[in-house]
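The same subunit A turns up in both complexes below, where it pairs with subunit B and then with subunit C.
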Partner chain A sequence: MTRVTTTWTRHGTTSEALGALAAEGATGALSGERGIVYLSAGRVVHVESAFTPDLGALLTRSGAVPPDGWWDAVDRGGAQHRVGHRLVDSGRLTAGALEVCHLGALFDAAYFVLTHDTRAQRFRSGAVHWLGAVRSVPVEVVVRESGRRRALLDRIWPDPAIDTLPLARVPGTDTAELPVRRGRTLTQVDGVRTAAEIASALACRTYHTLVELRRLAADGLVRAEPPTAPPLPPGPEPRAVVWDDPDTALLRRLRDALEAL
Partner chain B sequence: MANLETSLKECLSSIDGATAVALVDYTSGMALGTLGGGKDFNLEVAAAGNTDVVRSKLRTMEHLGLKEEIEDILITLSSQYHMIRLLKGRGGNGLFLYLVLDAGRANLAMARHQLRRIEGELEV
Partner chain C sequence: MPGIDESLLEAMRLPGARGACLVDWISGLALGAVGEAPGGDWEATAAETAELGRHVAESGSLAAGGIAEAGKEPPVEDLIATTGDAYHLLRFVSTPFDSTVFLHLWLGRDEGNLALARIRLAELADRLVLG
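Up next is the complex of A and B:
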């Protein structure tokens, strides 16, 4: 049974609204400007944001799970909210490895939802994520960790635009002496892709990628492109996503599913 | 099938002398899971602090141009061993297992061997 809860609406930020829902032991999905936080009995079970590659992208791009295997698990387990279990039961992944990847994706998405901590838009009581139960984390841990990550990133280079805007190389700079990981990240900076797309291309966790990108920005090698970019050429445009829609993540998944058919 | 919790439990139950264990993300310093420790040994603090050890060693290796990967780091105290084992594998990138051992009861060679096996259960 789900209770109708409205106390979260009295709070001015997503993190405060989450605190109120946690105190009530609520189950459902809270939509913020930059993503959706799924709660079960007041604990965070999943977070998704259009600014980070989701668990499926991380697992398939890294080659850990073949795309067929991922979609098979989504097909067979999606309706019962048991995709995670399906992956483990089919022997494609150990339960421990799934939990580690899931937590990585959860905290990556939470960083974006909670760093841009505006008023939460709506709460769908009783909503359950199709991935199913993998691991849960207390709301306060998620909020604290997101704040800590923001502070760590700002200490490297205090420009949050690096996290979300398309990134470009600064012309005429010397890139010969870069450490391996930073150099690898720089090769993906092409004036079009955002941090999330670079993380996805490298099959790397978004936060790790953000650390390297902010270091590159601090070194004067990378900068965020101003939002008034020239119009994209006609044809399939990856940036046609409406970023401020609360269900962007759902639309993205739908698009991915259609493309995969 | 081992999940994170059972893998950490296995570290404490199957490795002689093990008193505490944590799985830590060394880019952020966050512990994804901890077990053992207690009042006189704050595992969260140890996890965050040892992140600096790992990062510093990785940076030094980059400066030296060493292309090899760190398998483990051993810190020897008078009564304890602290063992840090970096997870390899595609999705486990950026994680390490941190194991505290009682020096009087531990068998280092065995502990390394066991930890390697348990690590395999967490890798993608």
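Up next is the complex of A and C:
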């Protein structure tokens, strides 16, 4: 049974709305401008954002789980909200690997939902994500961690334009001797792609890609391309997502994207 | 197959174990923790140890040469710090997907056995993600 809750609507930011829902022990999906936070008994169990690769993309594009295996788990476990369990039960992934990848994707998406902490748009009480229970995190930990991540980026190189604009290499710079991850990130910088697109191409979490890109900017190797006419939108183009009905629309989109690979 | 908590609890069964934590060394996030934290707070400890781990993982000298042999990232396996009364053992976890984590085990020096802990933590790290 789900209670109808409305106190979250009194709050002007997504993080405050999450705090109110956590205090009530609410279960459901809170939609914001940049993604959806799923709660179970007041704790965060999953977060999705179009700005970050989701769990399926991280697992399949890295080769950790073959696409067939992922979709088999979605087909067999999706309706019962047990996709995570299916992956582990079928031996495709250890419980630890699922948890590590899931938490990585959760905090990555939460960063984008909470860094532009605008008013939450909708709460679907009782909504459950098809992935199912993997690991839950207190709301306050997710909010605190997102703030800490924002501060870390600003300590590295205080230029938020790096996070959203197309990025270009600075000509005539020496790129030898870069750490492996940073060098790999730099190879994707082509004057066109944004940080989110680079993360997607590398099957990496977007926040972790932002860290590498800000370090590259601090080293004078990468810069944000100034917007050309017509002005670019602030941030990667959000895909046409119907956030209110992720269970079918998102799944279908993901499948199409994977099949196109 | 163990999850994060089971792996950390297993690490805590080692002689002298005081606390254990799974840390993301790029963001500084504590993904899971059990037992005492060396500084009293695992979130703060993880943010600090992550900086240390990252410097070593990205070091041109300490991390050189290992990749071609093992095909693992990062090429560094362990970091060990000793104090008058404790050992700190950091074991990097190699995953088949994008992740940047290590296990941090804090051992009391009187009861702790560093050689044994190093072997066990390596096994734990492998079992956590590879089964």
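Simple rule for what comes next: the second predicted complex is superposed on the first by the 222 of 261 C-alpha atoms of A that agree within 3 Å, B and C clash if a C-alpha of one lies under 4 Å from a C-alpha of the other, contacts with A are read in each partner's own complex, and residues count from 1 in each chain.
Please note the rule applied: a residue touches a chain if its C-beta (ideal position, glycine included) is under 8 Å from a C-beta of that chain, and two chains touch if they have at least 3 such contacts.
Everything numeric here is computed off the predicted structure, so don't read it as measured data.
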Side-by-side fit of subunit B and subunit C on subunit A, or clash = clash
First, second, both or neither for A:E99, with subunit B first and subunit C second = both
Key: subunit B versus subunit C as contact partner of A:E177, first or second or both or neither   = second
Request  = Could you tell me which stretches of subunit A are touched by subunit B in one complex and by subunit C in the other?
outcome  = 58-59, 62-64, 88, 94-97, 99-101, 103-104, 107, 135, 145, 148-149, 152, 179-180, 203-205, 207-208, 211
Query = Okay, in this complex, where on subunit A does subunit B touch?
reply = 58-59, 62-64, 88, 93-97, 99-101, 103-104, 107, 135, 145, 148-149, 152, 179-180, 203-205, 207-208, 211
Message = Residue numbers of subunit A touching subunit C in their complex, please.
response = 58-59, 62-64, 88, 91, 94-101, 103-104, 107, 135, 144-145, 148-149, 152, 177, 179-182, 202-205, 207-208, 211
Key: Contact set on subunit C toward subunit A in their complex   = 1-4, 6-7, 22, 24, 26-29, 31-32, 43, 47, 57-58, 60, 63, 67, 73-74, 93, 95-101, 127-131
Inquiry  = Considering only the defined contacts, which subunit B positions touch subunit A in the complex?
reply    = 1-4, 6-7, 23, 25, 27-30, 32, 59, 62-63, 67, 89-95, 121-124
